[in-house]
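Read through the structures below before going on.
One chain, chain A, appears in both complexes that follow, with chain B as partner in the first and chain C in the second.
Up next is the complex of A and B:
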């Protein structure tokens, strides 16, 4: 095995072009587990932790793929509340100190915590190779269980997403608050500027998935101009549509039936929280 | 491969490091520092917690090569000569140690918490130690130890 240690992005892309079999490693929270348990013997590891460009974020926002969760929580919590909420549910402090959103995307596990948020807030994934840069809308990024749209010579460089235009919420089911792989998860993002809602489910289908019908229903049902408290019937219908968007399986973490039920509950609750925040915001402005 | 790394303030060199091995393995098996414990090897238990450039991490999830030219501080590097760090002292006094296997990781995690937060609340202590499993104590004595260490800061 080779251990490749580029210090710039250009160098890393050149290495990846030459060695497409090299497995990128940043926080190591997925890759090292596979190595420790002998599940994977890559021909080479490509260490990305020395590349400063991957570890910075710039307003707008463009978040380097190697920015660890702890910095998203500490530095971007106000601008990206949904992503920060999801980041807080990742592993433990030790894991959040190392793990990155880029790694979440690279692993593309259906249970990855940040995916539903990225979908609900219309993130765009910047990937690069020596051939150039591609901007991939997050909806096109997940192609299957632990599979993504990267070509073998490409690296994930950054995540682009706008500062939250409205309230955002994230919820996740697990057996305890820390160190939990999601049984299922849900993210909602209100876009009052476009009178539109983003909603997505995690760990409840082969890939993270947008709940399109639920989004369309709620975008039309919400009283954006003169916000009023939500009708229970709206919350229930939204929950049902979110649940229908999933195609969960029975596995060790939970049954398909439980996941469907839990998604409906999480969708109702997070909608309630997000809409309450919107109502209070509008009243404060009035 | 060869890895050069500063460990507990000392410049160290490890040879014949396998490219896929963890920082934990290198510390224990090549650098003679068995304080950090090897249990789950998947970041679940926190027994292998060390500082990497002043940030607590699971050393089982750091590739040894990623530590090249970095600074590592293990549980062996907390005491000053013969005198224990106040966190270690508090663990002894509070009876927060039973079998002892989780202790090094918990001590490092608690040490980091008290470096960052002066008077941590109980929820803050629980959150800071959420990545460290103990199967003996039931955690109460560990919480006592952290409160005791905090009160002496």
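Up next is the complex of A and C:
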């Protein structure tokens, strides 16, 4: 196995063009597990950790694909509360020190923790090759179980996300209280300026999935102009629609029926927290 | 910085009753401890194992041609290459070293490869062609005895029946229940590993992580067709055991490759292979009926217990005896009817794990006691105290409990512990933790109690002993002792205990512990909570022999005093095969728990808020190590209560990894208040009572009782899953 260590993005893209079979590795928290268990035997590894551009973020926000979770939590928690909450649920401190959102996107596991947040907050994924740069809306990024829209010569360069325009929440079910792969997860993002809600489920379908009917229902049902406490019926209907957006399976981590049930509960609760925050914010402004 | 061996043996100070620092502690925390997986030898080769993908299949052919062609492969071995007896087992010799004609569980070893690199060995394994005729596996423990026989003689490994008192007794209140216990794994952190060196005398030296050197040696020598003296075992760094290393794993395999190739051979399992490479805790189905009078006093207990031994017997017969004889729990009951069956299936083989049959029974009888309390509108503690065993009580076997049995006292101690404060709004303390699933919504607190009983040391007439050698000489003008045994240090702290005993007995400050190996007599197994009792007893006795020669001298010049002693605990008896009566056990240990849990009743997630324990240990030779055992045993019980299970489907393991076999983290295991009682057992050295297992037994049912209290659900199966709590 070749171990390729480019020090600039241009160099990395040239290598990837020449060696499309090279597997990119940043934190290595997915790739190394696959190698150690002999589930995968790439001809080459393309180490991205020397490329400074991938490890920085700039206001706006453009987050380098190689920024580890710990920095998202520490440095971007105020601007991107949803992404920080999801990052906080990834693995252990050691994993969060190394693992990256770019890696989450590269693996494209339906259980990846950051995906629902990226969907709910309309992220755009910047990918590049020697042929140029593409901006892929997150809705077009996930194409199947552990498959994404990357071409063989492309690398994930950055994630574009606006600072949260309103309250965001993320919740994830696991059968222990830390270091656990999602049984299912849910993210919600309020966009008060557009009077719109983003909502997405994780680990409950072949890909992370937007809960579009739930979004449409809630966007219309919320009283954006003169915020009032939510009716239980609204929360319940939203929970049901989120649950219906999923197509979960029975597996070793949980039953399909439990996943549907838990998604509805998480949707109701996170909506309650997000709306409460919005109400308090509005009252503070008034 | 890496500590040198000299520091390892001199870092400890203090006699019994103190808590000198263990020599391996800092090394392990810093990642510098040398485990068996770190063994290395010049010119060594690596072994790998081809395992069956099927739970039950006939082997029609094995073709090793392509594997042998790979450059770097030194040997590919099958059952035809087993030099001696191709059968081994702790109690029944029923398990092949390498499968012949048939495989009975997924993961059963079929062939071995020795190669110059582990990757080469793994690739060669994949080139071995095996033609299988897949058969329908037997997987239901309740019907297995009447199903397709998997071994000559059928699928019933052992049936213990206990008949005591009036078999037709009737009671005012009758409580029945059916309970299930899932398959728990020991989940020791250091996977199976060892290094075999071919020796000039035609024998082999094996460096190995194990729990019982001499039984490994006996089985390995027989399989290799060698006399025992030509198979020499030395204990290497062991990363936990909990029963999972009592059976052979790669011992014979590594030796076969070493002897066949003439090269030092190392084998290390990875985590996935480890799940296939050792026995697990028996899953169980338990039917119970308790009869009581209106005051809660037990009139009778009836139980029918099934334990799934999987494909091979391992220690199933002894586990069956434990579940049966301890099946009533630490309670008095004059009339007892128990039938306990251990069976063969095509599920993964099950054998020893901390608690050993007492855990499965404990979940069932404690669940029954809670149901009885509810039926009588009594408190769970009161109904237990009403029936609590005391010194002098009779076991279901008719054996008199002849030392302290402070069951009521232990329950009162945990009952009187301060309760934790109400839930605070900190995600780390909520069910679900930082996964942010609740800010208090749906959370209900519950409290539960349980108490358990465990036999200590080997039972049923087994000749259970240990051998210790203590040598005394002057070094640098100072009396210095050396202690040598074959008793395995697996992380429990035996090295420290032996040093403490020698210091106390001989008044010598400097005590060196020699590597544990088979150049000295049997030390017995590091299991059944027995090493401090039996090997501690042997070291104490060897010190007494040394002391007799030493007198009151403090300077012995050039003299060397060197004494070896074989020490036995008092004898036990087999159970009567008709009635199950007999003085089968040496000693009984007791622990009680109170669990406080917060349950997210809507999502079915559990946070154990506090887990308090009281245990009688007779005498705490090393108080800190005792508390460590109680914390660890309680954590393992918590794991069984809410998360740990090897899930199988049609005999296949669905979650052979730490990704999906979950063990508690620091955010799952709560703080504990621990009371340690020291009520000396006059029959035991220093009055000690085995510590390691009792806390594992009562932890699980206490937690489940607390979840029941919070939810009102029956919860008859462990581990409790979110599906059980949300009816999904």
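Observations on the model:
One rule holds in what follows: the second predicted complex is superposed on the first by the 286 of 286 C-alpha atoms of A that agree within 3 Å, B and C clash if a C-alpha of one lies under 4 Å from a C-alpha of the other, contacts with A are read in each partner's own complex, and residues count from 1 in each chain.
Rule of thumb we're sticking to: contacts are C-beta pairs under 8 Å (C-beta built on N, C-alpha and C of every residue); 3 or more make two chains touch, one makes a residue touch a chain.
In this text, all values refer to a predicted model and were calculated from it rather than measured experimentally.
After superposition onto chain A, the modelled positions of chain B and chain C overlap sterically. In the superposition on chain A, A:262 makes contact with chain C only, while chain B stays out of contact range. Touch criterion met: A:95 reaches chain B, while chain C stays clear of it. By the document's definition of touching, of the two partners only chain B reaches A:1; chain C does not. When the shared chain is aligned, chain C comes close enough to touch A:253, but chain B does not. Of the two partner chains, chain B and chain C are each touched by A:177. By the touch criterion defined above, A:37 lies against chain B and chain C together after alignment on the C-alpha atoms of chain A. Using the contact criterion defined above for the overlaid structures, shared-chain residue A:145 touches neither chain B nor chain C, since it reaches no partner. When the two structures are aligned on the shared chain, A:169 is found in touch with chain C, with no touch to chain B.
Listed for chain C are the stretches 24-32, 78-86, 294-302 or 420-428, of which 24-32 clashes with chain B, judged after superposition on chain A.
Taken together, the two complexes place residues 36-37, 177-179 of chain A in contact with chain B and also with chain C. If you check the complex, the residues on chain B that touch chain A are 1, 18-20, 22, 41-44, 46, 49, 55-58, 60-63, 65-66, 68, 109, 112, 127-128, 130-132. In the complex of the two chains, the chain A residues touching chain C come out as 36-38, 85, 88-89, 169-181, 183, 252-255, 257-258, 260-262, 265-266, 269-270, 272-273. Chain C meets chain A in the complex at residues 122, 270, 272, 428, 431-439, 441-442, 602-605, 607, 642-643, 647, 654-655, 659-660, 662, 664-668, 721-723, 726, 728. Touching chain B in their complex are the following residues of chain A: 1-3, 5, 25, 27-29, 31-33, 35-37, 41-42, 44-45, 47, 49, 91-95, 97-98, 177-179.
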